[in-house]
Amino acid sequence: MNFEKRIESSATKMVKAVFPNTTNHYDTLFGGTALQWMDETAFITATRFSRQQMVTVSSERIDFTEAIPAGKLVELEGRVTNVGNTSLTVTVTMVIEDMYSEERSEAIKGNFNMVALDENRNPTAIKI
Amino acid sequence: MNFEKRIESSATKMVKAVFPNTTNHYDTLFGGTALQWMDETAFITATRFSRQQMVTVSSERIDFTEAIPAGKLVELEGRVTNVGNTSLTVTVTMVIEDMYSEERSEAIKGNFNMVALDENRNPTAIKI
Amino acid sequence: MNFEKRIESSATKMVKAVFPNTTNHYDTLFGGTALQWMDETAFITATRFSRQQMVTVSSERIDFTEAIPAGKLVELEGRVTNVGNTSLTVTVTMVIEDMYSEERSEAIKGNFNMVALDENRNPTAIKI
Amino acid sequence: MNFEKRIESSATKMVKAVFPNTTNHYDTLFGGTALQWMDETAFITATRFSRQQMVTVSSERIDFTEAIPAGKLVELEGRVTNVGNTSLTVTVTMVIEDMYSEERSEAIKGNFNMVALDENRNPTAIKI
Amino acid sequence: MNFEKRIESSATKMVKAVFPNTTNHYDTLFGGTALQWMDETAFITATRFSRQQMVTVSSERIDFTEAIPAGKLVELEGRVTNVGNTSLTVTVTMVIEDMYSEERSEAIKGNFNMVALDENRNPTAIKI
Amino acid sequence: MNFEKRIESSATKMVKAVFPNTTNHYDTLFGGTALQWMDETAFITATRFSRQQMVTVSSERIDFTEAIPAGKLVELEGRVTNVGNTSLTVTVTMVIEDMYSEERSEAIKGNFNMVALDENRNPTAIKI
């Protein structure tokens, strides 16, 4: 599979409903839950791109532009945006989607750097 | 938005990693977790199609064709396949995807019937 | 143990309180949580009947007759209702019980088909 | 309903499978999870007996006689064993049940004291 | 390390926010969640003191002096208060802390008895 | 309370055991769980410092220096390291601690920027 095709086929979407077990006492999505979902999206995207063992080595600056109220949907999307020797970058966006209209707005965006590991859990080249 | 377009734009994908907190003591995805994910996919798909309050009224026969081992990815996809007066049907498939190869196979498929509710929680016509 | 006695002694009850971490944004029990509890009840009932490795192979049509508000109790009961060669059927009912009166009503009912597996995870005869 | 009948009809059973999301790193049921299940059983039993708002005011000495390995079933049973003016005692037992034999043994036993609250959340007489 | 120093350095603090996924339908911290957190605190404190495998053998009487409303912080503290031959006692307190003032009050206190296990999971002397 | 004292008294510790429900399929702490714990620590630290409504507006670069195996303890510590007009920065460190020795090493470190909100959820001055 060529490079462009791998980026497309590894792009990963997840839609979630903001239910009470994901919110804080302001009835908005707890920031920690948002980060957990974003990291899971990054992990799956990176794994699908490389088909190797991948782990998070760093997250870059992540801006929480908007609070996300309970009773909304959120759509996460992960996409490989940079590929290095042993690591790659996944850009994850989280979009708020109203349940009862077509209204959508980007709430959070961040880059996750993921490294490929060999069977001894040392960094290894990403197979291209 | 026309009917075909609404079906396309409401189609909902979710990818998940089968981590230890989702498995039974055979180290395979617990059937109850699979059903929970499928119902969540059906709920989101139905809500996106109708932009109305939707609840599950029934699930039809669901076949668990294959056990899903820990350490796999699963991709759920929900798609509206029938629209009645006050209810609609979402077909949900769950595909197993290997982490380290392009191998994929359908593991579970089922239909969920969802009804639209008005503000008094009585069934109401699906807006078309 | 004879057949009738095995059915009685494997019948399995579970009572649960509908707390905020089990509800959707309508403050009713999330359908996916209900399905998860029913499958767990079916699994335990089948295991107690056969004392063999059991997995879910299918759920038949499940009707959600009534929404289950937060702050109610639910009682699940699983009972073996059919025994085949390598599989058996567990009928699971979920009854809503008011916390502050004796009022009870059946909310959900469904059949789960469970298959017995040998040590290689192939279907095997249910020991009778 | 007379006193004896209320004790019988409020007796509450819960069966659970010890899956990986309930265990510690020794692959045995985490003590905190056991306590949580016991308190939930006590709460439901007390509520069913009194049909009033009940909260835990104290747990008495609880002995963990036996470790409970992953892959076992546990059956909890709550039963009202003493009724005072504004409070009552629920005795909760947790029995280990092997999945693949009829072997059972009591693992944990404890008393939970529950008080009835009025609408202002002050202690109130248990209706007898 | 001498005895006093081990008690100090094993003392363990945990602060938690009472979010919706930890509460009952009265919007107060569910008693079972409180017990789970206390046992986890006891386990960590005991492990840090002994640096051996530790498991809970009993909890002594635990009083829930005050209900803990959603939207509060709680601070748990575990401290070794008695050391026997193969077991030790951890006293765990849970203090409610208001988010928006310096107001604090003790809500729950209890003793947990923890035993040291050798590699065969038999009780063994606590190394002093 | 003066500035230095507020920084000291708001410093927040949390110790956690890496149990199976927090790990990925490599049996190491899932990165998303680590981020969730760090954000919760930042939120509590910021709230204790300001005694105002605080939400996460951004996380700065976070490095995951070391994988954290199941069966370890982790100690999180949050500390206010910068205070602006309407926002403040909490530095959160996560230290791995072996259960069976005094060995400790820093695994993750990151800064979280938290903003104070008034009752209309607009940014407001941090009270100093």
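Which chain is which? They are A, B, C, D, E and F, in the order written, and residues in each are numbered from 1.
To be clear about the criterion, a residue touches a chain if its C-beta (ideal position, glycine included) is under 8 Å from a C-beta of that chain, and two chains touch if they have at least 3 such contacts.
These figures come from a predicted structure and were not determined experimentally.
J.: On the document's contact criterion, could you list the chains that touch subunit B and likewise touch subunit D?
T.: Neighbours common to subunit B and subunit D are C, F.
J.: If I average the CA coordinates per chain, which chain comes out farthest from subunit B?
T.: Farthest from subunit B by mean C-alpha position: E.
J.: Can you tell me which chain lies farthest from subunit F, using the average of the Cα atoms as each chain's centre?
T.: Max centre-to-centre separation from subunit F belongs to C.
J.: Look at the interfaces C-D and A-E and say which one is made up of more C-beta pairs in contact.
T.: C-D
J.: Turning subunit D onto subunit F with a C-alpha fit: angle in degrees, nearest 5?
T.: 120
J.: So which of D-E, C-E or B-D is the twin of A-F, meaning more than half of its contact pairs are the same residue numbers?
T.: D-E
J.: Could you work out how far the Cα centre of subunit B sits from that of subunit E, in whole Å?
T.: That pair's centroid distance is 41 Å.
J.: Taking each chain's centre as the mean of its CA atoms, how far is subunit A from subunit B in angstrom?
T.: Averaging C-alpha atoms per chain gives centres 21 Å apart.
J.: Determine the centre-to-centre distance between subunit A and subunit C, using the mean Cα coordinates as centres, and give it in whole Å.
T.: 35
J.: Among all residues of subunit C, which ones touch two or more of the remaining chains?
T.: In subunit C, 17, 20-21, 24, 30, 40, 43, 53 touch at least two other chains.
J.: For this structure, give each pair of chains that are touching.
T.: Once each pair is checked, the touching ones are A-B, A-C, A-E, A-F, B-C, B-D, B-F, C-D, C-E, D-E, D-F, E-F.
J.: For subunit E, which residues count as touching subunit A in their complex?
T.: 17-21, 70-71
J.: Per the contact definition, I'd like the list of subunit C residues that touch subunit A in the complex.
T.: Those residues of subunit C that touch subunit A are 20-25, 30.
J.: Quick one: in the complex, what on subunit A touches subunit B?
T.: 12-17, 40, 43-44, 47-48, 51-53, 73, 97, 99-102
J.: In their complex, what parts of subunit D are in touch with subunit E?
T.: Residue positions touching the partner: 24, 26, 28, 30-33, 35-40, 43, 53, 55-64, 67, 110, 121.
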